[in-house]
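Below: the structure, in structure tokens.
We call the chains A, B, C and D, going by the order they appear; numbering starts again at 1 in every chain.
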Amino acid sequence: MKKWKNLKPKKQPINDLVKQLRFTAFNARRLGEAVDIMEEMIKDKKCVKFLGLSGALIPAGMRLCVTEMIKRRWVDIIVSTGANITHDLAQCFGEKYEPTNPEKVDDLVLKRKGYNRIFDLLAPVETMATMEKNIQAILNNINEGEYSTFKLLNEIGKQLHDKHSVVKNAQQNNVKIIVPAFVDSILGLQVWINSQTRNIRINEFKDLSYVVNLNLDLKKEGKTTGVIILGGGVPKNFILQSVLIADKPHKYIIQITTDTPHYGGLSGATLKEALSWGKVDEKSLFTTVYCDTTIAFPLIVNSLIERF
Amino acid sequence: MKKWKNLKPKKQPINDLVKQLRFTAFNARRLGEAVDIMEEMIKDKKCVKFLGLSGALIPAGMRLCVTEMIKRRWVDIIVSTGANITHDLAQCFGEKYEPTNPEKVDDLVLKRKGYNRIFDLLAPVETMATMEKNIQAILNNINEGEYSTFKLLNEIGKQLHDKHSVVKNAQQNNVKIIVPAFVDSILGLQVWINSQTRNIRINEFKDLSYVVNLNLDLKKEGKTTGVIILGGGVPKNFILQSVLIADKPHKYIIQITTDTPHYGGLSGATLKEALSWGKVDEKSLFTTVYCDTTIAFPLIVNSLIERF
Amino acid sequence: MKKWKNLKPKKQPINDLVKQLRFTAFNARRLGEAVDIMEEMIKDKKCVKFLGLSGALIPAGMRLCVTEMIKRRWVDIIVSTGANITHDLAQCFGEKYEPTNPEKVDDLVLKRKGYNRIFDLLAPVETMATMEKNIQAILNNINEGEYSTFKLLNEIGKQLHDKHSVVKNAQQNNVKIIVPAFVDSILGLQVWINSQTRNIRINEFKDLSYVVNLNLDLKKEGKTTGVIILGGGVPKNFILQSVLIADKPHKYIIQITTDTPHYGGLSGATLKEALSWGKVDEKSLFTTVYCDTTIAFPLIVNSLIERF
Amino acid sequence: MKKWKNLKPKKQPINDLVKQLRFTAFNARRLGEAVDIMEEMIKDKKCVKFLGLSGALIPAGMRLCVTEMIKRRWVDIIVSTGANITHDLAQCFGEKYEPTNPEKVDDLVLKRKGYNRIFDLLAPVETMATMEKNIQAILNNINEGEYSTFKLLNEIGKQLHDKHSVVKNAQQNNVKIIVPAFVDSILGLQVWINSQTRNIRINEFKDLSYVVNLNLDLKKEGKTTGVIILGGGVPKNFILQSVLIADKPHKYIIQITTDTPHYGGLSGATLKEALSWGKVDEKSLFTTVYCDTTIAFPLIVNSLIERF
């Protein structure tokens, strides 16, 4: 079975290194396991795949990794914070960040100079304003009515032209993007502003209906679900909770997080705890990698690109 | 100004200890500062006070601390995860937890025995079912229509009889409870179930309208806002974001969290970073205490009880 | 047995609050358990008690909490980093710290102004120089020869006059202080400097002999050991390792730490892991509280003062 | 200058990925910077290079990464915990670990079956016993006398035959290994046992003399020092402190750690804090990567292999 081995450094492709990690320990081993689980999940043609996005992944440069997963259909449903979608849209309209050193920066000066800081990134206020103007134009082109978040984002996607965009690629590849805390984002504020003059409404029960019915259908059809959780937060809870009514555990779950179990919150909770809730069961394959997503996620995606 | 002193242990009231912490270092000092900031905030009659709740605080026994704050009007608006409100309702209908040791527990056995595990607590599935039955009865008594989350919770509160309940006390004291990721909770699922047969709709834009207009009004009136963030997640972001349109920084913020700044996510972000966004300004009083809320929050509430 | 209860905030002594924590969850519950375990340990007249000190506890204002434990004989052997002992000595000769804000401070300016920074404390270089001069005078009064670290610190203690000093109180109460990484501290550097002109030698094997033989003796006499670990690092490992040769597990262990288990290091390792090594056994009472020591330790000491 | 870019996943060598990380954010960017700093440090022929080892890196499969660095002379002085050296020796005599799942394992059963657990690794007690027998034989071949830890390990290295061994390779390449908390390890216990019958003594002041004089000499010669810190603990403090007497800051420092700054301890302290102590200065190049070493270290070593 699984063996222990000293890792052998040399000039080698990323996937060769990741395969070796499987035989080491701690979070390196878990990273190796995570890629193996994802490989199995991708090969499983009966598996509908969720991707949870939290943390500032899109500003942090992970946009093309997500897009790649969409293009290759390694994901069917994205559940995201509003902020990541907001930044994907902002990049469609020219947003670029500037690196900074969080230990040296004076945030009052930044405020004056027109920068919002995201840890070690500066987002110019003016590109955010450009995004807002553009998003209002797009919203004005969308028919009045009541929308699920995934339907609204699909409509927005149709009007985007950035081939690297998560929202655009999702629309083109029929991948749904659900944002459960929609009002909790700049995008949510923009749609709310639009709703002050036009009859645009968000009904998140439509998102909920979709995932609950999907799980009921999959259960009937003997199909299954898999999950990649980047971060924790609402996307994690929403994806895990989505199987409760169908009482159909997820078959595959990998979680990349820097939160910790021992403070009792859900973001850091072990997937073993999810066994008691029936969100996974004893046949599920799952692992948690405690690592900054900006390091682990590119390794995972690059390794899988080599495997497929 | 501020001095350094060795803390002197002895038989003493909690507040006396907390006052000494101010002169030590690390998170003890910050805890002392947090209570001082809250004292000032409570004394400021022109300040509208937000409380953000994330993490499993209600199951963890912190319910009466929240209720105490409501009764004393130390809070005007609560922004919470759905899970905390779900558990407050469950306790109204008899939910009690059983302590467990997460290092020894077998989650598959728990599943069989009918327990959901929350780190070191067991929540019996049957009391959750009791809650669901009761909440459906309550929802059936509520007029059909479209609700903000705070209005729906106010209606639910009217039908509760548990004098310790957060939702009940909020209703009685005119404290609003906003749940931005409403669908992301068992309560959300229950309202969704109800909505399958009755015309009950949630419109979170109403919640957003309320907080945006509140901030615009407060700015006009020369009033201000203060914030207590327990945990991070959506409640933190929602409260901080609520001032953006009015461009009126929060005057007081304390944050108790176990998340960390150096992974770049918002839950762990420093409040200094919020300066660049205009969510606080140079005259704001703020501090972050890195500590399990279950330890820091009772110390804070007990100290404040002694001070007022 | 153990029940769950919502904590009731009110004006109350510290110990009353801590007793309630026992019935809550997460690290609050563990803090309650830790004090109960320490109460039992202190009452156990057959128990020799270790205290491990790491992290900058003495600069952080925890000096009198340690001294109180020594005076009350709640500890028999202290195992410490050199830094904590260095700062105890520095305080004997007038060292005082100045509070600072680590987010605003310019470390190059500090360097110029003569301050060493310890996170949010400033230690003036000149008081360190005063300490060094005084410690050389003390060392010059000590007979040449080879010393265990505890014997050398005992000799130093005899020459101190600060009634709040950990080293002084340890000497007066026959409490041994062992510093396994003695050379890794300013004190170590000072003794090394002294050793360049006088024949002063440190032999840590004498420290090791003492703890190994102590454990062998205790085993023969049917006596036992208990441990309080503040932080992790070398003091934790040294104390746990000390029982290996006698093959006599510690009976009581509490650990206060902010390190985490899931990165595989010993500082964050669970005490359950110590079962496999025989450092504790199934009859041992142990718990780990994940909390900044500056918050948890004063609560523990104050509660115990009320209990005894 | 430094730009921001979305990372582009594809089939590519490790170094190409790591070079892209430089333009992202959070700890990915820092990892990219760390490799660039190390590249510069390695090219700097006037730089003496320290490597600090803490955490269970050798059991975790990182042995050959360390060995590779020794062989390529990317390191001149290793400062390590005793445990890592103990396990390097144990592997010389056949120690192999078995992977385990820390969430499922029963540590009492392990104890009975003869396994010591290191998080998710099992170390058989019998291979540890084999190591102890062998190390006694080796020690008995070593001349009686007083040794620095690096000199003793050099003598041990001469008698090893495992070409993958850190201690062996260090001896062959004239790399010094210093273990400041020597008594705090199984190896320390074994040497202590040997010292009960033979006149083998450890004098850590000799280690201290070596590093202090080295820094004084380097200063005179206009040479410099660089540091790679894996973990924190005593190795970090010892290496940083070693420049104090010479008052000669380190020129390069990279630190890989999972500890955090905001609890005030040295392991997690920022390198910016070290500016105030003069351990680095404004011309020093330094960065801290918050990441499990088992993930970051192989990426660093593999990238550097491609660069040289």
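Throughout what follows, contacts are C-beta pairs under 8 Å (C-beta built on N, C-alpha and C of every residue); 3 or more make two chains touch, one makes a residue touch a chain.
Keep in mind it's a predicted model, so treat the numbers as computed, not measured.
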{"item": "Per Cα centroids, the chain farthest from subunit D", "value": "B"}
{"item": "Distance between the centres, which are taken as Cα means, of subunit B and subunit A, whole angstrom", "value": "26"}
{"item": "Subunit B-subunit C separation of Cα centroids, rounded to whole Å", "value": "36"}
{"item": "For subunit A paired with subunit C, centre-to-centre distance based on mean C-alpha positions, whole Å", "value": "44"}
{"item": "Per-residue overlap in subunit B, given as positions that touch at least 2 other chains", "value": "25-27, 56, 60, 118-120, 258, 260-264, 272, 290, 292, 294"}
{"item": "Touch-based graph of the chains, sorted into line, ring, star, complete or other", "value": "complete"}
{"item": "Sites on subunit D touched by subunit A in the complex", "value": "2-14, 17, 20-21, 23-29, 31, 56, 59-65, 68, 91, 96-99, 103, 118-121, 164, 258, 270, 272, 290-292, 294-296, 298-299, 301-302, 305-306"}
{"item": "Contacting residues of subunit A [partner subunit B, same complex]", "value": "54-56, 60, 83, 102, 107-108, 110-111, 115-120, 180-186, 188-189, 192, 195, 201-205, 207-209, 212, 231, 233-234, 237-238, 241, 244-245, 258-267, 269, 272-278, 281-282, 292, 294"}
{"item": "Parts of subunit C lying in touch with subunit A, wherever the complex brings them together", "value": "25-27, 260-264, 290"}
